[in-house]
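Alright, structures below, take your time with them.
Presented sequentially are two complexes of chain A, the first with chain B as partner and the second with chain C.
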Partner chain A sequence: MKPPILIAILATVMTGTMIVMLSSHWLLIWIGFEMNMLAIIPILMKKFNPRAMEASTKYFLTQATASMLLMMGVTINLLYSGQWMISKISNPAASIMMTIALTMKLGLSPFHFWVPEVTQGISLSSGMILLTWQKIAPMSILYQISPSINTDLMTLMALTSVLTGGWGGLNQTQLRKIMAYSSIAHMGWMTAIIIYSPTMMFLNLNYINFYFYIKMSLYILMTLSTFMLFMLSASTTTLSLSHTWNKIPLIASTILTLMLSLGGLPPLSGFIPKWMIIQELTKNDMIVVPTLMAITALLNLYFYMRLTYSTALTMFPSANNMKMKWQFEHTKKMTLLPPLIITSTMLLPIMPMMSILD
Partner chain B sequence: MALVLKFLNGTYIFRKCPKPNVASCPFLGTHFVDYCSSSLQKPVAAPGKTSSQRNSEGDLQGHHQREVALDITSPEEKPLVSFDKAIKDEIKDQFRRLKDDIVNHWIGPEGRPLHEVLLEQAKVVWQFRGKEDLDKWMVTSDKTIGGRSEVFLKMSRNNQSALLYGTLSSEAPKDGESGRSGYCAMISRIPRGPFERKRAYDWSQFNTLYLRVRGDGRPWMVNIREDTDIMQRKNQMYSYFMFTRGGPYWQEVKIPFSKFFYSNQGRIRDAQYQLLLDKISSIGFTLADKVDGPFFLEIDFIGVFTDPAHTEEFAYENSPELNPRLFK
Partner chain C sequence: MMTYIVFILSIVFVMSFVGFATKPSPIYGGLVLIISGGIGCAIVLNFGGSFLGLMVFLIYLGGMLVVFGYTTAMATEQYPEVWVSNKAVLAAFITGLLSELLTACYILKDDEVEVVLKFNGMGDWVIYDTGDSGFFSEEAMGIAALYSYGTWLVIVTGWSLLTGVLVIMEVTRGN
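After this line comes the complex of A and B, so read on.
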């Protein structure tokens, strides 16, 4: 794609998300979602093979359905409350419909079936944008309507998402599918805590729920770093990733820390959101749900460990006779990769400072 | 639909009791016993004992008494189809497959541990050693459009290979719209999981297709189809040619996956795309070389392997004229 066109399309994607995040009028939010979806379709189809077209079609169909459902919920809310502003939704039907629409956009269980298929069909860079940037807009709306979300529905969705993400990613060898299932599981963790965010009744915009934001930002950082490392080594399967020790040994060791951070192991950054979410859930008298979530997160950790085992902890047999391949300078532009890796793995010591945000 | 097909495969036969003589028992009417109780016709029991038992029970139930020889089935006995039992068995079979699927999901990809899958460099995907291996394939010819080609698939000598044979006829069917005809094909059935869900093969760690065949000198086309999730993908196919040499020696055909070219709805497209190996649905062999007459192809096995010397990713170029979207 020519650079000016790519810049214009990416700008439209970003503008769409910004419109969603900054609006308080439901119609404008819906417009933002549509802009975002329509603009990301050419980005998903960067490669133009039949698989990418199939993935873009599936993405478009699910997102369009979700937008329609959202509009339906907005209209019902308009009918019952008489206004378009995003605030507490009085009608439970509208609230449930909006929740379902937004979780469909996010890829939460039971609407998660499109995530692995779409992520597998597109290139690594498009997958990176799909799994990180595209989650921001629906999450921000979920956060804004969080006082009106049906608690049981959300908790059930969160729990099933963590389960699905863990179970589904178990025997995958394709890296993009592994990242898709990891995204489903992490979204589950995020939505579990979103119901317990403090209400915005006093319109006190400084009073944010830092658990949710921390989880969101750390998840984006970790996923960005992982995708960038996969793009550097140009690997899309576990087997090709396991040959990186021969090409770029530094990536092999970085993937080790990054995968364990994604899995939520202390003392890496990925442990921070898990700890805080479990703490907050237990403060709200939920014992069974965080226990189940913590146990099923072990499934996630299992397949991350398998990846690290074959990549970093063992030297997989490769078809190369030399000890190490020639290491050339990287031609791929990996902007901000070192700071991303550091923030994804080493943020745990500054976690107590985050209570300043309270 | 799938259940109906399975039902036709698994009919259950019960031995019917001899028809009662209605004249002798007017009270029973249409109350026939459809299947025999075991005491009535036990072939291993002594004839005297059996007949006395039969007599006593026959009197109770009003059945017509007949002396039945031990091993010969009565000419009046007809196989009955039991719908309920077939459905129940089918459901049990599907749940068993679901349980196996869940257990295999835990063990690793394709039910084997991950390190085994990752370290594998050669794999036999289809082999022909018995009748059940033939069930994984289906044969088709232009008879479906009204042509006159015939094709059959059977096991070869000593059950060591499969023989695909028949007659090709390029006589066009007289339906007013077909101008050409004359093709035969053997296509693998799409692998199914529990409840007939479509599955796909993941050959992403391999890069070459290996076929051990013995043909008669005819050129065949090897077609690979990807997983058909969305309808338009049913028309897409990746093909390459396989030239058989005839002769008594087995031929080993190795086709790298990078050589397969893309065609849609039977036409080779200008814009060519690489065959992606992570969702292979079926493979097929087609013969359509416009030569009338008999043909045969003997296949020993079909496998995939990694050829470390083959580093080509895609054999066909695209140019701005052929595929302008790629060059924007």
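After this line comes the complex of A and C, so read on.
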């Protein structure tokens, strides 16, 4: 793609998300979503093979359907409340339709079927943008309508997403599909807490619901780091990941800590959101749901552990010439990779600082 | 008949949507899209929006659909699919038409239909006074407002259209 076009397309993607996040009029939000979706299609189709075109088509179809459902929900809300502002949506049909549309955009179960196929068909860097930046816009709208979301629907979708994210990723060796299922599961965790996050309407001030933000930012940090590490050695399968000990030995151990952080193990920062979400859910008298979510997160942890095992803890049997690679200096410029890795793994000791937001 | 014209037009509108939603070949889909666009324009006209309805005809049908018709004519196949050529398409078409007719009969019988939401009555489908503000017509004032107070909207819309063109060029480049 020629540089001016690439700049224009990327600027449109970011502008679309910004318009979605900063608007209070539903029409502009819909325009932002459409702008975002339209402009990311050429990014998904960087390589012109049929696989990438099929993935972009699937992405376009699901996102367009979700935008249309969102528009229908907005129109029903207009019919029953007479105004276009984002505020409490009094009509349950409108709010259910909007919730379904936004969860379709995010890739929550039962609308998760497009995520692994689209992520597998595109390149690693496009997949990185798809799984991190594209989640920001629908999440911001879900946050803004969170007082009106139907609790049962959201909890059900979150629970089934964690289940499908865990179970679906078990049989995968392709890294992009593993990251897709990981994204499904993490979105499930995020949406489970969005209904219960404290939005205190004290003197008409809305305090941010910080559990959801913590989960969101940590998920983005961790996913960005993993994708960048995969891009360093251009590895898209578990097998090629298992050769990193010879290519760039440093990232073999980094992948270990990062995968365990994604899985939510305690001394790493991936544990922070899980801890806070389970704490907040139990404070709201939900016992079975966080138990089930914590147990099925173990499925997630299993395939992360499989990746760490094959990368850093064992050496697959291979021919001897695979064990003696030329040690070139890697020239891929991964911006801000060291700070990303550190924030994705070492933030746990400063978690008590979150209490200043209370 | 004239009092129920919007009702009749909206029934035919949905039926023509069924016509292209059953996925015949794009040429026939475009044909039905033209008809449904024309009927949509007529519905808007019946609510008093003469300018907007004619805009639909001019820009949507006369601009976009003409280009669409040309491109599908270039990309067509030897035996395009019609509604009666394939049993699945025919079945879907008949199902859609029957559902629409049933809904129409429901509305005519009960004056109100509730499928998740209430769409009450023929009263809403008949032309009603839109509560216009004096001598100004709302829709012309809306368009005037778009170009004066709504400059940001015009910029966003223009940029989206430009992005659409860039995206299409990029996607169909193919190397």
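Quick note on the criterion: the second predicted complex is superposed on the first by the 344 of 358 C-alpha atoms of A that agree within 3 Å, B and C clash if a C-alpha of one lies under 4 Å from a C-alpha of the other, contacts with A are read in each partner's own complex, and residues count from 1 in each chain.
The definition used in the following text is that a contact is a pair of C-beta atoms (placed from the backbone, for glycine too) under 8 Å apart; a residue touches a chain by one contact, two chains touch by 3 or more.
Keep in mind it's a predicted model, so treat the numbers as computed, not measured.
Look at A:12: by the touch rule set out above, it reaches chain C but stays clear of chain B.
By the touch criterion defined above, A:34 reaches chain C but does not reach chain B. By the touch criterion stated above, A:123 is placed in contact with neither chain B nor chain C.
After overlaying the two complexes on the shared chain, residue contacts for A:76 are found with chain C alone; chain B is out of touch.
In the superposed model, A:48 lies in contact with both chain B and chain C. By the document's definition of touching, neither partner reaches A:223: not chain B, not chain C. In the superposition on chain A, no contact is made by A:99 with either chain B or chain C. Counting the residues of chain A touched by each of chain B and chain C gives the higher count for B.
When the two complexes are overlaid on their common chain A, residue A:1 makes contact with chain B and with chain C alike. Residues 1, 5, 48 of chain A are contacted both by chain B in one complex and by chain C in the other.
Chain A meets chain C in the complex at residues 1, 5, 8-9, 12, 15, 19, 28, 31, 34-35, 38-39, 41-42, 45, 48, 56, 76, 79, 93. Chain contact summary for the complex, chain C toward chain A: residues 116-117, 153, 156-157, 159-160, 163-164, 166-167, 170-171, 173-175. Contact residues of chain A toward chain B in the complex are 1-2, 5, 48-51, 54, 57-58, 117, 120, 167, 170-174, 237-239, 242, 306, 310, 316-317, 319.
Considering their complex, residues 104-110, 114-115, 117-119, 202, 204-205, 226, 229-230, 233, 236, 262, 271, 273-274, 276, 278, 308, 323, 325-326, 328 of chain B touch chain A.
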